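Next, two complexes with chain A in common: one pairs it with chain B, the other with chain C.
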Partner chain A sequence: MSEFLETHKDTLVLWIGAICTLGFYSILYRENRIYRFFEHLFLGLAMGYGVANVWTDTLQPKWWEPLVHRGHWWLIFVMIIGLFYYFVYSPRYNWLARLVIGFFLGVTSGRAFQAFVNDYWPQIPTSFKPVIPHGPVTTPDGQTLPALTWSDALNNILFMVILLCVMSYFFFSFEQKHPVLKRSAQLGRWLMMFTFGAIFGSTIMGRLALMIDRMDFLVNDFGPQIGGPWVMFLVLIGLAGLVLYLSKRAAERGEDTGAI
Partner chain B sequence: MLRVLRFLQTVDRRFLYALLMLVVVTPFFINFQLPARVSTATRRLYDTIESLPEGSFVLLGVDWGAGTRGESRPHTEALIHHLMRKRLRFALLAFDPQGKKLAQNIALRLQEQYGYREGVHWVNFGYKVDQENYLKAFGPDIIGTVKQDIHGNPLGQLEVMKGIKNANDIALLLDVTGSSTYETYIQFLQGPYKLKMGLGTTSVMAPEAFNRLDAGQLVGLIPGLAGATEYERLLGIPGKGTRATNSSNAAHLLVITFILLGNLAMVMERRLRAQGGAL
Partner chain C sequence: MFTPKTGAAWWGFVIGSLVLSAILVAVLQAVPQRFRRPIILTATFIGGLFYALEFFLPVAPMPTPQDPNRMGNFLTPYVVPFADTLPVIAGFTVGLGVINLFLLHGRRILKGATGWTNSLVFFIAFFLMLTFGILDKTAPEGSIPKNIYYLLQEGAYQALDATMFSIIAFYIVSAAYRAFRVRSLEATMLLITAMVVMLGQITVGQMLTNWLPEQSESFWGNFRVEVMRDWILTKANTPAVRAINFGLGVGSLAVALRIWLGLERGSYFDSQR
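Moving on, here comes the complex of A and B:
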C-alpha cells in the first residue's frame, strides 16, 4: 500500500486537489452536503497540521528534547505554569490562573509599547514633507538631499492636505462649529471613503487572484491527467452548464431565483 | 424594455459565476500579454536586492498558506529566483504552518537551475509560534534561538550560517505574507536593528503597507498579483504572476461591466417609471 502511495503520490495529489477544489466550488450553486463535507475535512486538516507543526518545530526541539534527553529538568516548570491557565475553571483555585494571566498581561503590555514606538513613530517625522521645489541640497553634516521637482512638491502638498483633513475629522474634543474645521472634517470623511473604496477594490483583486490560482491548477496542473487542459476546460464548461440548468429548474419551481 | 432592465438588475448570481469562470480560464489558451508598467515600489525592492554583494545573508519570511497562494506563491518564486540569481545566501522562516512546506518546495524546485544546495546556500528555519516573543529572542542570537533547521541539523554547523550570529548580520529582511506579520517584523526586528526590509503582500493588505514604504520602514513592496507580474517582468522570467494577470484583467473588466450595466439599468428604470412608462 505504502509503495503504491509512494509511486502514485503526484497523481493522487492532483486528483485529490481537483476533487476538493470542485467540491468547494459546489457552494456556488447552493449550500450542499458535498461542500459541508469538504469544509469540515479542511478545517480538521488545517488544525491537525498546525498542531503537528507546533510539536515538531517548537515543542519538541525547544522543550521535550532538552527536558528528556539533555537533563534540563527545570523546563518542567514551563508546563506546570502553562497548566495554571486551566485553574480558571476552578472557583477555589482560580487565583492561580490569575497569577499567570497577570504575568502575561504585563509582558504583552510592555511589548505593545515597543511595538507602537517602532511601528508608528518613524511615520510621524516622515509625514512632514517639503512643499517648495528646490535643487539638490547638501546639509552641514555632508548629506546630499535629492532635488524636489514641481510634481513632487504638488504630490507632497496633496499629501499634507489629505493628512490634515483626515486628522481634523477625528477632533472630538470640541464641537466642530468653525466653518474651516467643519469643511476640512467633511472633506476628510470623503477622502477616507475613497480610501475604503480603494481597499475594497484591492480585496476584490485579491479574491480573484485566489480563484485564478485554483482555475490554473484545475486546467494546467490537473488537466493533463484527463487528456489535457482543453479537456478540463470543456469539463468546467459542462459543469457550469449543469449548474445553470439546475438553477433554471429551481427558479421555475420558485425555490431559488439566484438574484443577489 | 422594462423586462430587460429588470433582468439586468436581477441576474442569477450563478450565471455571473459561470461567466466569470469562462473569462478567467479563456486567457490561459490565448498567448497575449497586456502592457504593464513597473511601479516604483516594486522597482525599489528589485534594485535593493540587485545592490547586495554576493554571499550576503537574506532572511525571507514566508508567512502564507493555501489561502493566499494565488498571490503569495508568485511573490515567493520571484524573490527566490532573484536571490539565487544574485548568489545570495538566504533562510526561510515561517510563522504560518503551511508556509515552511510551500516555500521549501519552491526553493527545492529552483535550486537545481541555479546550482544551489540546501544547507550550503540556503536553509529552512521552519515554522515558529508566537512571532513577537520569537523575534525578540531571534534578534540578538539567531543560532541559539533557531537551534536547528527543518531536518533537525544543528544550525551552527551549516555552511550557510557561516558568520551569521545576530540580526545585524542580516543584509536584507523580506517578508511574503497574507497577514499582518510584516508589522511584527517591523516592530521587533526591522525597527530595533535598523534593517532594510522588503515586502510581498496581498492586494488586500497593500494599501496599509504603503504607509511603511513612505516612512522608509520598507525599502520596496510587491503589491498583490500586479506586483508579482511587475517583478517577473524585471527579472525577465514570465511566471505564474504574468499568466494570471491576463485573467485578472479580464475578470475585472467583466465585474466593472456588470456593475455599470446594473446601475445603468436601475437609473433608466427609475426614469421610465417617473415618466409613467409601464412598458
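Moving on, here comes the complex of A and C:
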C-alpha cells in the first residue's frame, strides 16, 4: 500500500483533481446528484482542513504544548474562557456565552482606536500633494527632490478633487443642502461608480483567471493521462456542447434547471 | 503562583482551576436576571479598556533588547501576551461550526432524509481530512498518512477549492450582464470603467488600440487601452478608495465606541434571559 501510494501519488492526484473539477462544473447544466456529492465532499474536506489547521498551528503549539509539557497550568483558564462560547447551546446558561462574547466585542472595540490611528492617520498627510509644477529642487539639508511635471501636477490635483468629492458624499451627519456640497457629493457618487466599475472589472478578470487555471489543469496537466492535451480539449468541447444542448432542450420544455 | 508546575503540583493546580471555574459559573448563574445586562456591559467595557488605556495613557521610553526604541506605558509589556492569547481562545470556538454541521447532517442521516448519503460523505471527508491533517505534521516522508494527506489536500481539496471559486466567474458574468445594461448615468460609468479595465488586462483587448503610438512617443499613446487601464487603477481609483476607507474608518470607530460604552441597541445587548 505504502509503496503503491508513493509510486502513483502524482498520477492519483491528477485523476482525483480532474474528477473533482468536472464533477463540480456539472452545476453549469443544472442541480444534480454529482454536484451535490462533490459539494458535500468539499464541505467535509474544508471543515476537516480548517479544524486540523487550528489544532496544529494554534492550539497545539500555543496552548497544549506549554500547558502539558512546560507546566503552564494557568493556560487551563484560556480553555475555560473559550468553552464559555458553547453555552450558546444551553437555554439556561445562554447568558454566560453573551458575557464572553461581550468581553471580546469590547476587546475588538478597544483595538479599533489603535487600528484607526495606525491605518488612517498616515494616509492624511500623504493625501496633500504638490500641485504646482517645478524643476528639481535641492533642500537646505542637501536632498534633491525630483521635478514635478505638468501631467504629475494635473494628476495630483485630480487626486485631491476625487478624494474631497468622495469624502463629501459620506457627510451624513447633516442634510446636504448647500449647493457646493450637494454638487461635490453628486460628483463623488459618480466618481465612486468609476471605482466600483474598476473593482468589478478586476474581480471578473480574477475569477476568469481562476477558471482558465482549471481549464489549463484539465488540458495540460491531466490531458496527457488520457492521450494528450488535444484529447482532453475535445472532451471539454464535447461536454460544453452537451451542456448547451441539454440546457436548450430543458428550456424548450419550460423546465427551470437552476443553471447560471 | 504563576510559575510552571510539574507532576502532582501541576495536576493540583489544573484541577483546582477547573473547580474554581465551576464555582464561578455557579455564582454567575445565581445572579438575578436584572443584574445580568449590567454585568455583560461591564465585561464589554473592561475588555476594551485594556487596549484603550494602553493607547491613551502617556508613554515613556521602554527599551527592550529586541526593540531599543520602544515607547510605552505600564500596560505595553502585556500587549503581545494578550494578543497571543486571543487566537487560542478563538481556536476553541472552531467547535461551534463543527457542532452545527454535525447536528444538521447527523439528523439527516438518522432520519434517512433525502440526500443522507451526501451527509455521510461529509462526515467521511471531515474525519479523513482531520485525521490525516493532524498525522501529516509528525508522519515521516513516504509514509501512508503523508501520502493520503497529499491525495486529499493536493488532489481533492485544492481542486475543489479552485473550481468552486472559478464557478463564481460564471455567476459574476451573469451579474455583469444585468449590471452593465445602460439604464442610468451611474450604470454607464460603471460599464465604461469595467470594460476598459477588462480590455486592458487581456491581449485581445490591447490589440484594439495597438495601432496608436507608444505613450512615450506621442500624446495619443495615452489612449491605448492598457495605459487607460493603468491610469484608472493607479490614479483615479486610489483617491476614491482612500476616501471610501476614510468613511469606513470613521464609521467603524463610531460603532466601536458605541459597543465599548454599551450604547449599541439591538438583540445582543437588550434581550437577556
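The definition used in the following text is that the second predicted complex is superposed on the first by the 225 of 260 C-alpha atoms of A that agree within 3 Å, B and C clash if a C-alpha of one lies under 4 Å from a C-alpha of the other, contacts with A are read in each partner's own complex, and residues count from 1 in each chain.
Definition applied: a residue touches a chain if its C-beta (ideal position, glycine included) is under 8 Å from a C-beta of that chain, and two chains touch if they have at least 3 such contacts.
Keep in mind that what you see is a predicted model, and the values were worked out from it rather than measured.
Q: Which holds for A:Asp216: it touches chain B only (first), chain C only (second), both, or neither?
A: Touch status of A:Asp216: first partner only.
Q: Counting only touches as set out at the top, which of chain B and chain C does A:Trp150 meet: first, second, both, neither?
A: Neither: A:Trp150 stays clear of chain B and chain C.
Q: When the two structures are overlaid on chain A, which partner does A:Gly110 contact: first (chain B), second (chain C), both, or neither?
A: Only chain C is touched by A:Gly110; chain B is not.
Q: Looking at the overlay, what does A:Trp230 touch: chain B (first), chain C (second), both, or neither?
A: Only chain B; A:Trp230 stays clear of chain C.
Q: Does chain A have more residues touched by chain B or by chain C?
A: Chain A has more residues touched by C than by the other partner.
Q: Should A:Phe174 be classified as contacting the first partner (chain B), the second (chain C), both, or neither?
A: After superposing on A, A:Phe174 lies clear of both chain B and chain C.
Q: Per the definitions at the top, what is the overlap between the chain A residues touching chain B and those touching chain C?
A: 28, 49-50, 53-54, 56, 58, 62, 111, 114, 117, 119, 123, 195, 198-199, 202-205, 208, 210-211, 213-214, 260
Q: Quick one: which bits of chain B touch chain A in the complex? Just the residue numbers, please.
A: 10-15, 17-18, 20-22, 24-25, 28-29, 67-71, 73, 97-98, 100, 126-129, 132-133, 136, 147-148, 150, 152, 183-184, 186-188, 190-192, 202-204, 206-207, 211-212, 214-217, 224-226, 240, 243-244, 247-248, 251-252, 255
Q: Once bound in the complex, which stretches of chain A touch chain B?
A: Touching chain B from chain A are residues 28-29, 49-50, 53-54, 56-58, 61-62, 111, 114-115, 117-119, 122-123, 126, 195, 198-199, 202-206, 208-216, 219-220, 229-230, 233, 236-237, 240-241, 243-244, 247, 251, 257-260.
Q: Which part of chain A faces chain C closely enough to touch in the complex?
A: 1-2, 5-6, 9, 12-18, 20-21, 24-25, 27-28, 36-56, 58-59, 62-63, 70-83, 85-86, 88-89, 91-96, 98-114, 116-117, 119-120, 123, 127, 155, 158-160, 162-167, 169-170, 188-205, 207-208, 210-211, 213-214, 217, 260
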